[in-house]
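Here the structure comes first, spelled out in structure tokens, and everything after it is commentary.
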Amino acid sequence: MKRLALLTSGGDAPGMNAAIRAIVLASHYFDVQPLGYRHGFNGLLEQEYRHLDTEDVYNIIQRGGTILKSARCQPFTTQEGAQLAARNLNEAKVDGLIIIGGDGSFRGAEHLSRYWQGNIIGLPGTIDNDINGTDATIGYYTAIDTALESIDKVRDTADAFERIFLIEVMGRHAGFIGLSAGVCSGAEQVLLPELYPDGLPDPQELADHIRRAQKIRGKCSYIMVMSENIWPGGATDLANELQTRTGIECRPVILGHVQRGGSPVSLDRMLASKLGAYAVEAMIAGKSGIMIGERNQQLVEVPLQQSWNKSKLLDPYLVKIQRQVFDLVKNGNNY
Amino acid sequence: MKRLALLTSGGDAPGMNAAIRAIVLASHYFDVQPLGYRHGFNGLLEQEYRHLDTEDVYNIIQRGGTILKSARCQPFTTQEGAQLAARNLNEAKVDGLIIIGGDGSFRGAEHLSRYWQGNIIGLPGTIDNDINGTDATIGYYTAIDTALESIDKVRDTADAFERIFLIEVMGRHAGFIGLSAGVCSGAEQVLLPELYPDGLPDPQELADHIRRAQKIRGKCSYIMVMSENIWPGGATDLANELQTRTGIECRPVILGHVQRGGSPVSLDRMLASKLGAYAVEAMIAGKSGIMIGERNQQLVEVPLQQSWNKSKLLDPYLVKIQRQVFDLVKNGNNY
Amino acid sequence: MKRLALLTSGGDAPGMNAAIRAIVLASHYFDVQPLGYRHGFNGLLEQEYRHLDTEDVYNIIQRGGTILKSARCQPFTTQEGAQLAARNLNEAKVDGLIIIGGDGSFRGAEHLSRYWQGNIIGLPGTIDNDINGTDATIGYYTAIDTALESIDKVRDTADAFERIFLIEVMGRHAGFIGLSAGVCSGAEQVLLPELYPDGLPDPQELADHIRRAQKIRGKCSYIMVMSENIWPGGATDLANELQTRTGIECRPVILGHVQRGGSPVSLDRMLASKLGAYAVEAMIAGKSGIMIGERNQQLVEVPLQQSWNKSKLLDPYLVKIQRQVFDLVKNGNNY
Amino acid sequence: MKRLALLTSGGDAPGMNAAIRAIVLASHYFDVQPLGYRHGFNGLLEQEYRHLDTEDVYNIIQRGGTILKSARCQPFTTQEGAQLAARNLNEAKVDGLIIIGGDGSFRGAEHLSRYWQGNIIGLPGTIDNDINGTDATIGYYTAIDTALESIDKVRDTADAFERIFLIEVMGRHAGFIGLSAGVCSGAEQVLLPELYPDGLPDPQELADHIRRAQKIRGKCSYIMVMSENIWPGGATDLANELQTRTGIECRPVILGHVQRGGSPVSLDRMLASKLGAYAVEAMIAGKSGIMIGERNQQLVEVPLQQSWNKSKLLDPYLVKIQRQVFDLVKNGNNY
């Protein structure tokens, strides 16, 4: 192992820079040359890379985004694309490739592995936390805190006006951010895809719950945290629907892309630093086709396919707590 | 002056609690009894008040929202409403009333003054900064910083993806938050009502600018900060429009109610503390029909009507700077 | 189980309020009456308690400190003290007591259990994370982030001036905060009690390292994170010592009590919410003499004595990463 | 005016990068070449500079520290030093020099002007706000907010433990940070140099006040904000002194260098952006020997000497408010 390459792909996540730094530092520590490809898989197609020295990663551990840039890349998904990438990697004398990204990026990794002989290792980098085989993904912790800070602020207004707010958080098709942000903000209710496996929540039921709760509790703020994609038209449409059905003013707040950025919190920096360093060790040990994750405080190697073909479960105890809050609210508790 | 009342009205703003605290502390310092009415003008109608002791305002200087709650109040705008409020204030032996709110609240104050003999003083409390006669309103400074923190985060993603984001900020019909947040975040462009006095910006012109800039600059992030109400359908619709016209992906981010909450920054706490204390002094001195503001670092008394019948101007030098940035971008500078 | 009492004791930690809220909500959910004792064990001696309704814990999940106040309490450690506490608990018809605090508080719990028949359960609440049997303690996550934010700021100055800073963090006799904050801030070196089991680090060795590193790296910032209690006189004295020995300006920064406060980050809110709710369930199930913790994402019951008679280990992989950074710096890498 | 140089000198301050960016953007806008000298006046001696393009200042508006680095520079203060600097500037064909720093840096500017014919303009950059002729200095607003956030956190612990904390803030020999942070945090007392013009405060008087206040108020938190340099040995020694005299536990917290760093708040970014852009305009207009400041919302040109030979006054109304709080506390109000 003389030379490894790395890239970031898919949606950016806070901590990606910490992972890049860790990979570069560990590479230099173990006398391996690290090459940074820019713009995700596009960089492989356009041979856009440069050597990364320790100075290049100085003072980036605290930065959001990714110094290597990211991108989606359609052409790479073809056979020709992967073959071109393989030729370029060989031309650059790369022995192994570390890909930091989400499950789409990992499928890309698998696609590449059919045409390239080098070793491939994935690091889970996405705010959505929807990667199986690791307790958390790089960026998830920061995203929760970002969502939470925003909801705490909305609570001030909700409280001053005793008003109902629907707050839409990210998560693609997983409720991790929604559940954590909901429990942590003391939300009166959460709408998560995992809680409605058979389809949409019934708007009349939601409206009845709100109306009954507000009637018994007296004037009160009421915050509902909902995942993106759970309701057609999102928080805006559901707020309108509920306002019509309850006759109570309902306001939507869509947190949106704010959740992707920002300086990573300590847990994301730690996770990224550990996964990055370990990925270099695994690469040197000749491992391939795996994702490095952390489970139960142990660094683990997970076959890449496992990362997406089994879906990760929400913490059942958090779900239980949130249900208890919901029931308390229903019974008129103005906690 | 034995007893004064206070209330918060209209949209809540960070620093309202600091103002309440200052009024209560100064009242006790000068041996005046402060009464806190809850839920804005509604409290006057429903005689919902309580005596406020110094302990009641302990540790609230750092809290967002308002411990007195706020509300909009339709019935108060009638003659009967104001007369009922006047009777209630007299019944509670209130000599003067301090109203913390925006221009709608000040119009309410004027309405009340036709039916009530007590002294009335307004404090400018709104994040929008659209009150004439004071350099800043309570809550404005925090709102800029909140918007700015969010835009800084979006910049991380914009930068990682070299993408275009349209960020919609609050301000009702004024561009103060938009201009400040735009300049401070290094936004490539701002859309403010004051810059388009004759109507909507021309979408084709906006699209041409973006396309030309992105073509010359190479791949780049591009952030446009726009005021709410400047485009029908807001950032979402304008993003769609521009995406269609440019063929470049444009993403909307609507900061929304997050901007109203949060712990007030130091400047809002200072402003609120000064205005609140001074309002009590002015009340004791027999002043009425005025708003307390701060101009050029001096506390000033402004006739209430002046606060809304003359509109406040944007800082022309900030506008100039932003225009220079816009021109630099247009000419291909990837600053 | 009809009535349970709760108190917070020892140094306060962010998330204690979230734990109080969780206990109160779960109690009401399961129809148990919660009583809040104030000022830690002092409250037991002075029978200072009140019933806690769901409204009492409204909107406290995001607050630092503890609404029940905390205190150290010497008289409680005597036989008479514990007997008085036992009588008072019986008089208040308390069936079980939940104590949120650190190992000193747990020893107090054990002391009380010799004189009182009720059930006693402990929740780990301390920023130091030095409680065995749980992966993290309530408050630890927030403390790391607080330390980290401060160190990130110091890095700005260190970097602008290419200067050496010694930053002293809390942790009593454990290096958890120091190690995490060190790794996450990209510190060039950490001084933790666990790394110097046989005594003080050798100042000449520290000085030689710094001098050599700065000589090879050229002008550079250099940050050393050190635990409190590792050096007599703390960061101030060690900075003087190193400045004398190296001839390079060394500045101390003592983060101090700032680390104890602040709004809890999401992970502390989640941990506190889960431990608090589970403690009520365990109490109802008749458990006693245990601490509730979380290990490997599972809620666990740990005999109280185990919480202090076995010391918790630092994450060896974090130690390894930090050592690699240290070696890279030593060899002149300006990462 | 074809080429201007810029440098940052003295203690770094948040917003220096925003000022650098503004100077570089305005220079390019007006077709002037900007040269960045590194390490303050040292850069002039060692001819350490580089051309700054718009790309060099991309995405730095939100960064603390200074990309040009700063330093103190003894050799520059000699005649030989200034002559060498003058030769170097001429050699680099520099027509004018913009210096961002505090009063020491401005004296350096004056010193240089005796040996160099080019134009010299200063921008006030220091967290201390102790520069006459401008309402605020670049970095001051951020420093207050940083201090305030820390004090808010200490309040949590002070409140939980009902304890006394002495918090030492920066400000060199001026009380601006102390006064603002004190008023904004609701501090029970402030110790500022301007309030004790004839020397030290009397420790017995301080102790008496605390003892009396705590006796009347009952158990309470008590926060004293003190400026650095006002007490020999700082907060640590004064805390010991007061603890001895009152018999009540007093804890010191020294905020230290944390106050210099961090991402600048919006007001510092705005101030820096305006001053920087205006400095370029003034330079082009042939101005020299001045500092650019902002007073009463107007950009002003102040003779450099005025910036240090007249000291700036604290806001008298803030002082008055703080005195009222102090008196309320003395009379037992637990506000």
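In this document, chain identifiers A, B, C and D correspond to the written order of the chains, with residue numbering beginning at 1 in each.
The rule is short, and it goes like this: a contact is a pair of C-beta atoms (placed from the backbone, for glycine too) under 8 Å apart; a residue touches a chain by one contact, two chains touch by 3 or more.
Being a predicted model, the structure only gives us computed values, none of them experimental.
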Checklist outcome for this item: Under the touch definition above, the chains in contact with both chain C and chain D are none
Item to check | Distance between chain centroids, defined by C-alpha means - chain A, chain B (Å) | outcome: 34
Item to check | Distance from chain C to chain A - Cα centre to Cα centre, in angstrom | outcome: 28
Checklist entry - Which integer distance in Å separates the CA centroid of chain A from that of chain D? => result 39
Item to check | Touching two or more other chains - residues of chain A | outcome: 152, 155, 159
Checklist entry - Taking touching chains as linked, do they make an open path (line), a single closed cycle (ring), a hub with spokes (star), an all-linked set (complete), or other? => result ring
Item to check | Complex interface listing, chain D residues touching chain C | outcome: 8, 11-12, 14, 16, 63-66, 69-71, 146, 150, 152-157, 159-162, 165, 251-262
Next on the checklist: Give the list of chain D residues in touch with chain B in this complex.
Outcome noted: 21-22, 24-26, 28-29, 54-55, 57-59, 61-62, 135, 141, 144-145, 148, 152, 155, 159, 180-181, 183-186, 263, 265-267, 269-270, 273-274, 277-278, 296-297, 299, 315, 317-318, 320-321, 324-325, 327-328, 333-335
